[in-house]
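In what follows, chain A forms one complex with chain B and a second complex with chain C.
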Partner chain A sequence: MPLIAGRLGRIGLPVVAAAVALAFAAAVTSAVLAATGANPLAAFRQMIGYGSQPDSVVNIINRGTTYYLSAVAVAIGFRMRLFNIGVDGQYRLAAMLAAAFGGFVALPPVLHQAAVIVVAALVGGLWAGIAGVLKVTRGVSEVISTIMLNFISTGIIAFLLRPNLFAVQVQGSNNIGTPPIPPSGRVPGFPLTGASIQVFGLVLLAVAVGVAFAVLVGRTRFGFDLRAAGLSPSAAVASGVNVPQMVVATMVLSGAVAGLLGMPQLLGDSFTYALDFPTGLGFTGIAIALLGRNHPVGIAFAALLWAFLDQSAQILDLFGIAKEIVIITQATVVLSVVVVYEVVHRFVLAQQQRAVGEQLGADERVAGATA
Partner chain B sequence: MRRMRVRRVAAVALAGALVAMGVASCGGGETTAGGGGGEQSLKVGLAYDIGGRGDKSFNDAAFRGLQRVQKELNLEVKDLAATEGESDADKASRLKLMADTGYNPIIAVGFVYANAVKEVAPKYPNVTFAIVDDETVKGSNVANLVFAEEQASYLVGAAAAAKSEADNIGFVGGVDTPLIKKFEAGYVAGAEKINPDVEVQVGYLSQPPDFSGFRDPAKAKTMADGMYDKGADVVYHAAGLSGNGLFEAAAGQKKWAIGVDSDQYVSAPGDQKQYILTSALKGVDVAVFDFVKSVGDKTFKPGVQRFDLADNGVGYSTSNPEINDVKPRLEELKQQIIDGEITVPTEP
Partner chain C sequence: MTQTQPDTPAPGESAPPAVELRGIGKRFPGVVANHNVDVTVRHGAVHAIVGENGAGKSTLMKILYGMLRPDEGTIAIDGETVAFHSPADAIARGIGMVHQHFMLADNLTVLENIVLGAEHLHGIASGARRRIAELSDAYGLGVQPDRRVEHLGVGDRQRVEILKVLYRGARIIILDEPTAVLVPQEVDELFGNLRELQREGLTVLFISHKLDEVLAVADAITVMRDGTTVASVRPSEVTARELAELMVGSELPVPELRESTVTDVPALTLEGVSVLSAEGRALVDSVSLAIHRGEILGIAGVEGNGQAELVEAIMGVRPVAAGRVLLEDLDITGWTTRRRREAGIGYIPEDRQRHGLLLEAPLWENRVLGHQTQPPNVKRLGGWIGGWVDRLGARRDTRRIVETYEVHTPGVDVPATSLSGGNQQRLIVGREMTGSPRVLIAAHPTRGVDVGAQAAIWGFLREARAEGLAVLLVSADLDELIGMSDALYALCRGRLVARVDPATVTPEELGIAMTGGMPGAG
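Up next is the complex of A and B:
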């Protein structure tokens, strides 16, 4: 019995919590839809119908890929109680510099893509590393320093994205961006039956990052130190973990993954960092990491759910329903998953205690009978 | 454990706040069906740039064009808003969604739609597209509606310099992009034509990739107040929705302001009206209407359609009578630009 409860706690609990949270979020969204005079069932049917079209599926996978990388970057920090809120600035700066690098250098295929990706990871890692160093040397909270670094990276990008520096402006266009990356540096996509657009080739990069994250945190000494330092810094120090070093290493790692998050879009679709490059993905990652409970698999489901909601909501506008309604769904699901998890966790804990108590009582009775 | 929980709650709260910020910045779309069964069956779709309907400036100019389409051509119309920070894929999805549900023609408002139109237009050869502010997208079913913003800005720059008693004027740009720099270039050139010694204070509300400068009236008010405090007595804006902050500052300090894209004297609240000297007009409304009309009567021509002073595609408004005393001078300059005697720079 305790064994079953334990296993249920580890695997079943997150699933149950997610299901309850999703149902609750759907209920809240339905209530809001009904209150604004729309038919919730019809709205959901439209969303599912549109969201399952081939082109939408491709967009959901592509969007989910970036969301996944963003959330993993945040989750690495969360695992050791570091709140990297600067993923947004890290990926934008990394994408911009990597795009400029990829556009200016000429390299053979494979090497070209790899070099661009390495540059992005380096830039992201170094940029986040600043916050890590500030924390261990000067005691600056990483929440403050990373969000401030977001603004600085915006300033740097604006400075560098000028015609005489890293940018070129095409005649007749009001856009401005880095020179386009030549075909040797692009990553081809996968076709999907029936879709007119392609799945990002770098979806494989996201999978690789997910696997690496799972192995690193769950199966290595570094990961053990990281989790230990997160659970109790003092206990970690006592058992010989160099906590300051771990803080810097974790921030760098988190930033490196953040640096990768612009890559699927850059190498698979945009080929240039221009004014229309997506922004704000780093903040979405925070919510998705929370929803996925910092777990590599959980985050994948959370990222796809989030992407599905974003994509399928586009159809609502056509029926006079504001597509921003899904933001309510997303916010509710994140809030309720945290609450539900806590409630279910306590319930399971109480059951375990009762089971253990009963077992002990029975043992005592047995012992008393034999005595 | 408790500290950890506090931290988690803080993280949730923060994430919630950031998401809420996202909500606050987006507007909703709305269906507006045409009067009663027109002869034509065209359904007109329009997709906005960041800022959306309600900015009283650029996007609202497009909306006015759409309203005219609905009223005068009696067609069904639909307008959809963009989300801040979205990718080209989102924009492409929006255009495809409209094309798939029978909207034709479709108008994309803003150069940020360039890649989306480039992707979608070839896939829907029977649908006619128009893109505003971009001439890089080519196609037999694509019209590029572009404007000589610098010419209109030149004239209001001249008006500013002529009206300024302190020989000191200001320019508030929304976001530091090549497009807004065109406004600045024309404005400064026009002012210096009238008064070579005029001092022009130039400021931008945000730097790309931060596009908040187009929807931040509070920041525009602060910047405009600063310019007035430093001696300017006329300030021009090219900042979309943010311009409303400039008008507040102008009314508060009882100094001149100049509007952009739409005739903002008409849309401003009563207490601010009298301080709006003129507006640099960008005829997005006319361009949208003419485009839809050309599709309707089968006279559509693909390619670049440039709107400038010569064809009244851009201009300045005269709804505030205060402009009348400098009007003859402005008309003179306007004619010189049309005749090619003056070439207005497009870069500062």
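Up next is the complex of A and C:
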């Protein structure tokens, strides 16, 4: 019985919570659709139909890959109760500098891609590390410092992305960007049957990051220290965890993953960091990390769900429905998953306590009878 | 030995009892907190309810005070059956409760605290002041209405709490573990106050597990065990030991050491250790002592006199401002907590829930906690990830601890929060004694645990001592300190103010030493 409760707590609980939250979000969205005079069922049918077309699937996977990296970056911090709101600035700065690096250097294939990715991770890690160092040396909340660093990185990017510095005119437009990365530094995509576009090759990078995250947090001593500091900072200190050191290490790690977030797009599609490089992905990562309960597999599902909603909503405009309706769905699902998870969590905990109490009561009755 | 006497009032008492509880039962999910509870409290009595932690005393008092509703049974006040839906109903019937943890606003004055929530009685100004003065004089409480609560000592705060319930018109006062936070001298003052209340015709219900105190102050005693009342006795008819055995239902553990195992090899030495607060005040003031192999060294002191800081300094959690800490011959003053633990210092923290456990994590992860760098919890040490957590090894060793230290649990995968306090503490003790530590820092190792766990923990400490472990024992339980220490110091305002001989010192003498007075023993 306690074992079942334990299993349910570990695996079943998030699934139940997510399902309930999703159902609730669908209900709220339907209500809003109905209130605006649209037919919710027809709208959902259109979304599913459009979202399952091959090109849409590719877009969902590509977008989901980016979301996944973003959410993992946030989740690493969350596991230690660090709120890295600066993923956005970290990835933009990292992508810009890595793009410039990749565009200016000439290296053989494999080495070229690897070097660009390492530069991105280093830049992201160091940028986030500033917030970690500020926290442990000056007591600055990482919430404040990371969000301020976002603005600073915007400024740095604007400063560096100028002709004569890191930028060149993009051919055939007024846009400026870093020099295009030569073919030796690009990552080829995977074709998907029936689709006219390709899946990012670096979807594999996201998978590798996910596995590394799971192994690091779940199986290593570093991960144990990280989780201990997240569960109870006071107990972690008493157990010998060097919390300041862990804060810096965790921020650097979170930033390094954030730095990777622009890579699938950069090396698989854009090949240059121009003014139109996607922004704001870091904030989406916060919502997805919450939705995925900071779990490597949960985040993967959450990222794909999010990407599906983004992609499939494109069709709604054709039917006179504002596609922004999915923002309501996304917001509701995050809010309700947080609430539902907490409710279910308490329920399971009470179940476990009861199970322990019952079992011990039974033991004592047996002991009493034999005594 | 279970002696249950019928709970009838003595002959010649015709007035209905102040409080009569009949057949009270209360169930929580999976736990029967109270069943078949019968208590009769005479008018004007000081009636003690005694029992171990978890015997159901607090649940019963919460029922009487309207905070919980009984599942069965009746409550009668002055012969009239009542049903309370909230504490407000109980207050209206003249019942007041002083909680173990004071409920006072530090930044308000005594007067403001008393009036808060009872403004309708005598206003908030001169009327209230007059009433407080009257009550304070009538019951000899000596309360100064304009002092701010943050400047008051523990005893004064308690008198404010008592005055608070009197102000609200209480004629029956419940005191939940009132002596838990007091030093012996303050306990005497409290008892003086209780007698005043009694003289004025009030009824006092006094919850405690400190039997000497109960015998000293109570007119009648009800003993609770396992959620029910097992005996009602008069203090003149029982000894403390008999009472304790009624409480436990069996023979009682005694904190005592047998033959000395003290050697002359110092295991842990402090040389002039000082710890400063953020403002630069000395919390620990040049403390020097040496704990030898096979020795238990006790530190007595009123809470907040530097014990916690001393322990944290030894564990490397708090920086040492001056002085040295030596583990055998090694100067470990600058070492990290982890390095100290690896070097063989075990640590039983004073607050097990905040410092000793990850409550939501399973037992086996809690076994890893504090020993993250040592086998059998990790393998292939090294690298910046610090090696791999050995889940199998840690689980297996947790099972061993559960068995050896008799942790009552259905398995090692349940979260620590689902265990009782005593079982949590057994797990911590087992964990900290694993891996042959050289020194054990034990802060309040038996606080808030049941008698069974207490006896077991004392036994484990004795065994480890016999094998050469050096133990620093910090405790608020003077009997434990006197019984379990080979050497005993009193700490007051961060200084070691006295060394006493645990073989001859009495708790009273130790109490005097703790407050800075000098006992006979040098």
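The definition used in the following text is that the second predicted complex is superposed on the first by the 354 of 371 C-alpha atoms of A that agree within 3 Å, B and C clash if a C-alpha of one lies under 4 Å from a C-alpha of the other, contacts with A are read in each partner's own complex, and residues count from 1 in each chain.
As a working rule, contacts are C-beta pairs under 8 Å (C-beta built on N, C-alpha and C of every residue); 3 or more make two chains touch, one makes a residue touch a chain.
Not measured: the values here are computed from a predicted model.
Once the two complexes are overlaid through chain A, chain B and chain C fit side by side, free of any clash as defined at the top of the document. Computed from Cα centres after superposition, the angle at chain A between chain B and chain C reads 130 degrees (steps of 10). Once the two complexes are laid over each other on the shared chain, residue contacts for A:113 go to neither chain B nor chain C.
Judged by the number of chain A residues each one touches, B leads among chain B and chain C. By the touch criterion defined above, A:228 reaches chain C but does not reach chain B. Contacts of A:250 after superposition: neither chain B nor chain C is touched.
Contacts of A:172 after superposition on the shared chain: chain B is touched, whereas chain C is not. In the superposition on chain A, contact of A:196 is made with chain B only, not with chain C. Contacts of A:65 after superposition on the shared chain: neither chain B nor chain C is touched. Residue contacts after overlaying the shared chain place A:55 against chain B, while chain C stays out of touching range.
In the superposed model, A:311 lies in contact with chain B only, and not with chain C. Per the superposed model, the minimal spacing between any CA atom of chain B and any CA atom of chain C is 9 Å.
When the two complexes are laid over each other on chain A, chain A has residues 231 in contact with both chain B and chain C.
On the side of chain C, the complex with chain A involves touching residues 29-31, 315, 317, 336-342, 347, 349, 351, 354-362, 365, 368-373, 378, 384-389, 391, 408-411, 413-415, 417-419.
Note for the complex: chain A touches chain C at residues 2-3, 6, 216, 219-225, 227-228, 231-232, 234-235, 237-242, 249, 349-350, 352-361, 363. By the touch rule above, chain A contacts chain B in their complex via residues 50, 55-56, 59, 62-63, 78, 81, 83, 85, 92, 154-155, 157-159, 161, 169-176, 196-197, 231, 265, 269-270, 275-281, 283, 286-287, 290, 310-311, 314-315, 317-320, 322-324, 327, 330-331, 334-335, 338.
Of all the residues in chain B, the ones that touch chain A in their complex are 4, 7-12, 14-16, 18-20, 22-23, 26, 28-31, 78, 80-81, 83-90, 92-94, 96-98, 101, 111-112, 114-115, 119, 123, 133-136, 146, 176-179, 207-211, 304.
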